[in-house]
Structures are given as structure tokens and as C-alpha cells.
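The next block holds one structure in the form of C-alpha cells; read it before the comments.
Per-chain residue numbering starts at 1, and chain names A, B, C and D are given in the order in which the chains are listed.
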Amino acid sequence: MVARAAREIAPGMVVNLGIGLPTKVVNHLPADFPVCLHTENGMTGIGPALTPERADRNLIDAGGAYVTPVPGSAYFDSATSFAVVRSGRLDLTMLGAFEVSQTGDLANWKIPGKFSPGAGGGIELAQKARRIAVLTTHTDRAGNPKLKQTCTLPLSASACVARIFTDLAVIDVTPTGFALVEHAAGTSIEDVTKATDAPLTIPDAPIPTF
Amino acid sequence: MVARAAREIAPGMVVNLGIGLPTKVVNHLPADFPVCLHTENGMTGIGPALTPERADRNLIDAGGAYVTPVPGSAYFDSATSFAVVRSGRLDLTMLGAFEVSQTGDLANWKIPGKFSPGAGGGIELAQKARRIAVLTTHTDRAGNPKLKQTCTLPLSASACVARIFTDLAVIDVTPTGFALVEHAAGTSIEDVTKATDAPLTIPDAPIPTF
Amino acid sequence: MRLPDKRCAIEAAIARIKDGATVMVGGFGVPGTPMTLIRALVAHGACDLTLIKNDANEPGMGIDHLLQSGQVKRLITTHLGLNSHAIGLMNSGALEVEFNAQGILAERIRAGGAGIGAILSDIGIDTELARGKQVVEMHGTPYLAEPALRADVALIHADTADPFGNLAYVATAQNFNPLMAMAAPLVIAEAERVVPLGALDPNAVHTPGVFVDHVAELTEITEDYAVVRR
Amino acid sequence: MRLPDKRCAIEAAIARIKDGATVMVGGFGVPGTPMTLIRALVAHGACDLTLIKNDANEPGMGIDHLLQSGQVKRLITTHLGLNSHAIGLMNSGALEVEFNAQGILAERIRAGGAGIGAILSDIGIDTELARGKQVVEMHGTPYLAEPALRADVALIHADTADPFGNLAYVATAQNFNPLMAMAAPLVIAEAERVVPLGALDPNAVHTPGVFVDHVAELTEITEDYAVVRR
């Protein structure tokens, strides 16, 4: 699924990869792929992550991982960093999710009573990137669907998600709800439907696998 | 009067000198005087002005004069430049004036129908510097007083002026109106009173001359 | 991963400017004014333009060429004191002018670049600059709502650029350039020098290339950029 | 004219912080966190503090020392995910926490430094972050009024400084430092290196010294600043 999500990145894009699974997308991009990776703590042009032994103590990404620059990197303050996001210069962000609704609402920052570390930069990424993709397991650890008719958790942003990449499928959020785009090799369409807690439109055409 | 105004600058101050007469104040500061001069177009640490022959084409002050840096100068954008002014980091500004009222209102940017080039940075300097001094001839070219009971021209800012330096006198704006502080050598107190279109408090104590 | 290359011929970049466009132009006096991009915009001929620029340069210089050619309908600015020609056009009604306090123009442009809707400020609240502005009370204090300014295009002059569009300015040629370079969906930068990717210290970048669409190296520093002898 | 010298011993500068003060602290994770100033504030002992910082560092690091010592009453922040100790204090009611969206915290601090009253933003307008915030309608669009944030003191970490207080940061140690360095009437900067006046390129200055009150050279880059091995 991570490799599949990497193909969502078009040449020339400015992309922010959220903490967790999305960060791994970078490992599936060709070495000379023309792309600009952005991180909230004030950098464009992120290169590969580093082990602590080789790390620069002043160079981390927003998740705290030690990273490298690429030729042409730039560093800037936190206000400028979010100016990139809010002013429409971020072409794509890939975020994790607790829940995604069939209208594209995203909940990914708070589970009342259990997990409330603060929203960090997630609200602005979800609300203002030009395209929001979600990268998540199709169900949570207890097997409950994350794709739902409506979100029950506090929202990060409403009607923001365009596409969802899971271990089972690639699903678009359309004006009429979830629509299957691809399914994982070894997973049936029925498996995907069963693991999704909302109607799933299945196109008439053959569904590719990934 | 310019030399007298220069003594208003205390060691360590951050000062903006307006276009015209105030700019000349700098010529009366000792070479090693500890002061930081600010200009609206994005510089702190202004040194002496330069002739065109020796000028750097990229280094002007807000009036368009070519200037030099001093050791420790900094350049910054126009938003940061006015952040200095509005956030209270500008200890003193000296400005020119068309009119000053006895309550400290300042009019120095517009004469309706005759002169309206725009306010530039003057409004913010007049409203937000921690101390506003005016440096002006006591009367206009036609001999009309510039110090008045009320301003007739559009204001730059209300109740902002603390002290006025003219060719005739140094005058403070106090809660009870204009008060004479010093008068020019060769100018009588009566001369000052006559050239001022508002009541002028004369202290009982001897009035120094400059 | 490598960063995209945004080098472009000036004419091709300027050709994207349409009639009726709003165009931000960097510079405060001569320093930082993109003289070559302005000349190209005159040659291109797009008209009914709204310009946003701190000042109107001086007669026969910078954006005065666009005023002379009649391409400008409206000017949002702070001070025209050095351009009697622009003041004449304003007084005759041939040019619509909106004056802003200088730091407020800077903040409105920055707000546009930062993707915020407006700032609340008390600058000019006692003056005629407050006329017609929305007043917002917050914790009992009145403020003027100063709406964010964005443009269709921003024309930028930098000292040094790299092919990704990272920009560095020198001396007082910085001024409005870094703010305007964030506040338009089409940002065109001329640079006195374009250096290879990696040759600009990432800590010395004033405008991250992520905001810039096209970058062109000047082939000549013309007399337009020279010291003015008044 | 020469620029004033603002070099100062850390203890003397920190001694100016009073009980009940609001203190901004730079840094995003370890980079840019003024570890030595924080240690000095712990030693100084001022209490009932309100801290404004992007994050709470990690347990046993940075401002967590101030949480451990009980000097902090309130924390204005964006994310505590890496500090379970801070989350524990919050959940037990021992620490009052105000969460902001990260870029909005940055803009509120910047607004404080820029001397504007508030920004109007639509960030989080559909979420619980909008609760209790003043809504301002402009041209038919609703925005949240996000008031400017200022502090009594800002604690800053820079890479290089000069005696006037001009500061330059490196890599991602920049983050909130340049914003906070404008947003308090008392700004104290620690720097890894203090170079003579004139040795910092005026074009490479990130924070003009005009905003800075005290600058101190670090005598040692302690383990506090080192790469974290989780």
C-alpha cells in the first residue's frame, strides 16, 4: 500500500508526508524523482532519514526523525512553514487517520479520554493542502472499520479527504460517497466491502489490483 | 535647532529620523555614540550618507538617500521593519510637521487639494514610536504658526507628539497644553509666544537658551 | 529525490499575465524593483492592470513605464512622493489610487501569502485612512479589519537564485519582495545570478523556492538598476 | 555611531523573570530549544509561570525540567505527543494546557511581535478548536479572531549572535525562535557563538538585534543539545 501511495505523487509536486505510515512513502520514490518534500518544522527539500550516529542535532522533521537536506533545501521559521500550507503551495499531503467519513471528513488527532496530545500541524494540513490523501490500515487493531458513514471522533477537517490508501484497497471520496478504485492483490472486493462501514460504489469496469 | 534635537537621543536608543530636517540630526551625534538608527525600508544600523559616486545601488534609506551600514547592521523585509515600529521597539522618532496641536495631534502628510502623495510609513511612526518628537520651523513659509490649538489638516495620529524642536524654541506638549522648555539664543520669549497659535505655559524658573 | 527546475525565459513567463490581472511588484525605490520584468510586461502589453507596489518609482523609471504606456487602471500603494507623473495621473482621474499605511500594506500582503483572511490593526484608526473600513471590537478595543491582499502574479527581483527558485536578496533590495513572493499563485523572479542547486546556503534563503514558479537570470544589469543621480 | 553592546551573564538576565510571568520558549523538539536558559530559569525558581512553546520537549528534557520543578501553571502549546509526563500533569489537572493549531500559534506569536491585534483565520472553524472563539464575518465569510500573543519574556536559542543581538539560526533550529524574539519586551538569547560586530553578514541575520535585549554566549554545548537516541 505504501508503494501504491507513492505513485500518487506526480513529478514537480510539493508534498507533506504525515507522521507514521505516510513518512515511509518516501522510500518508494526513485532517486532522481522531481519532488519537493515539506515538513512543518520549517524545511523544504527533505532527503533520506539518518541514524542517530550520523545525524545533525539541529536537523529533524516534524515527527522528530533526523533527516538530511538535498541540494536546494531551505530552512525557514514556523510561520513561513504554515504559510506554505495555507496559501495553497502544498500540492498534496498524506495523513494517517482514526476515521474517515464517506463525505471526506477526517478524524486523526484526538480520542476523547484516551489520546489528546494536541493537534499539532494536522488541522492545517487537512484543511488547506490542495489534495489530501489518507494512508491507513483499513480497520483498527480491534478490527473495527475506519471508513464510516460519519465520524464519531473530533474532526481535523470536514470534507477534505480525496483518496484513501489502505492495506485492502484504494478508495476515492466522491460526491456520492466511497468508490472503489483498486484492491490489493489477494483481497476480494467482498473483503473490502465487508471491512467498510459505509456504502462502497463498485465501478462496472474491471478493478485493477495493486 | 538640529544640534539641540540631537541631544534628545539618549545612549542605547533605537531611533527613526524622518525625511527632511530630522535626517540631519545624525550629523550632530558623536562618532562613537551608542545608538541604533532604523529606516522603514528595512535596515537597522544606518551609517553616514554617501554621494552617488560612492553609493551602493541597493542601499538606500526610506527617503531615497544612499547610506552606509555600520558594523552590526541588519537588513530585513518591510513587514519586519514595521514590526519594529508597532511592537514598541522604536524608542524615538523625529518627524517633520505641517501642524501640531496643543494636545499633541500631528498633521504631516496631506494638504487636501495641494499635496497628497500618500502617508508612507508616517502614520505608523507617529502612532507607535514610544516617543515622538517634531522637528520643524516654528512657522510656515508664509509666516503662519504651525503650533496651533487644533489641527486643520488631516491627522497622522492624535495626541502623539511629546516635544517640539523649532528654530525658536523647544516646547513640550503637556496635559495642559504647550509649555516652553528652552528658547533659541537671540529669540525672546515674547517672539516665541507671538509665533505660537495657542497658549504657551512659561515656567517660573529661568528658561535655558540653545 | 531532486528539486524541480523552474528556470524559464522571461518573455514566456510574462506572457502568462492576462489583461485585467492584479500584479504585485517588489521594490522600494530602485532597490528590489524588477526592472527587466517590468520592461517585459510593457512589451507584452497586458492592460487594465491593477498594480500593488510600495511606490511608483520615479518618472521614467520602473513601473512608471507601465503608467506611461497606459496599461495600469489601478494602483495600490503607500507613497507617490517621488513620481510627479503618477500624482498627475491620479489627480486627473486617469489612475485610480488606493493608499495604505506602509506597514499595513506590508502586513496585508504578508497575510495574503500566509493564507489568513485579514489582520486586525489600530493603525490609522483616528485618521481618514480608517474611512470605509470594517471595525471589529475585541476585548473592548476597536480595530480596523485590514483584508489580506493577494495578486494573480508577483514580479520579484532577487540578488541570487537557484533553479528551484530559492531566493536571496541584498541590502535594502529586500523590502516587499519576500512578502509578495508568497502572495500570488504565479510568482516570477528575476535574479542577478542563478547558481546551481546546493550553492545557496539553505540558512541564507530569504524566499523558499516552494513559493516561486519561474526564475530567470538577468543577462545584463541595465542602467535601470543604477544609482540615481537626482 | 556604534551599536550598543547587549552581552550579559545568563544568571543576571534570567533574574529579571518574575513570579507569574508569561515566558515564550523557542524550539521544536530539541533543535532551537534554549536548554541553558531553561536550566537557569529552574535555578532561579520563578514560579506560577505561563509557558508558550510549540511542544513540551520529552520527559527529562528542556521545559520538562520546569514542569518537574512545579514552576509552570499554564502551557500554551500545539502538541505534547512526545512528553507523557506533561500529558499526565494535564490529565491530573496539575497543569492547565491550551492547545492551538501549530501554524496558528506561530501566527499569533508573529502578530504579537508585529504589533497587530489579531489575525482572522478559518483554520479549525469546523472543529472543536473553534469553541469559545470570536467569529468575525468579512465580505460574507466567517473567520475566527485569533488574538495576538505576547509574553513578558522570550527565551531564544541561536547559532550565532553579535553583541548587538543580531541572531542567525541553523537548519530546523529556527522554528519559533525568530517569531518569539519579536514578541516580548524582554528577549534573552543564548548563542552557540558570539562573533564581533560586523562579522555577521547583514543579509544573513534572521532576527535583527533591535528586538533583542540580552545576549549570552554558551560556554558549553551540553548533552541537552545532543542527538536524541530513543
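Descriptive notes on the structure:
As a working rule, contacts are C-beta pairs under 8 Å (C-beta built on N, C-alpha and C of every residue); 3 or more make two chains touch, one makes a residue touch a chain.
In this text, all values refer to a predicted model and were calculated from it rather than measured experimentally.
Under the contact definition, subunit A and subunit B share the contacting chains C, D.
Remark: among chain pairs B-D and B-C, B-C carries the greater number of C-beta contacts. For this pair, subunit C with subunit D, the centres built from the Cα atoms lie 31 Å apart. A straight line joining the Cα centres of subunit A and subunit C is 35 Å long. Work out the mean CA point of subunit B and of subunit C, and you get 29 Å between them. Residue positions of subunit A touching 2 or more other chains, listed in rising order: 69, 75-76, 79, 82-83, 85-86, 128.
The multi-chain contact residues of subunit C, meaning those touching 2 or more other chains, are 107, 114, 116, 122, 169-171, 174, 202-203. Inter-chain contacts, as defined above, occur between A-C, A-D, B-C, B-D, C-D. Interface of subunit C with subunit D (complex): residues 107, 111, 114, 116-122, 134, 136, 138-139, 141, 143, 145, 147, 168-171, 174, 201-204. Those residues of subunit C that touch subunit B in the shared complex are 28-32, 54, 77-82, 87, 97, 99, 101-107, 109-110, 122-124, 126-129, 159, 169-179, 206, 225-230. Per the touch definition, subunit A reaches subunit D in the complex via residues 39-43, 52, 55-62, 64, 66, 69, 75-79, 81-83, 85-86, 116-121, 123-124, 127-128, 154-158. On the subunit A side of its complex with subunit C, the touching residues are 11-12, 14, 26, 29, 31-38, 44-45, 47, 69-76, 79-80, 82-89, 128. Subunit C meets subunit A in the complex at residues 1-5, 112-116, 162-164, 166, 182-183, 185, 196-198, 200, 202-203, 205, 208-211.
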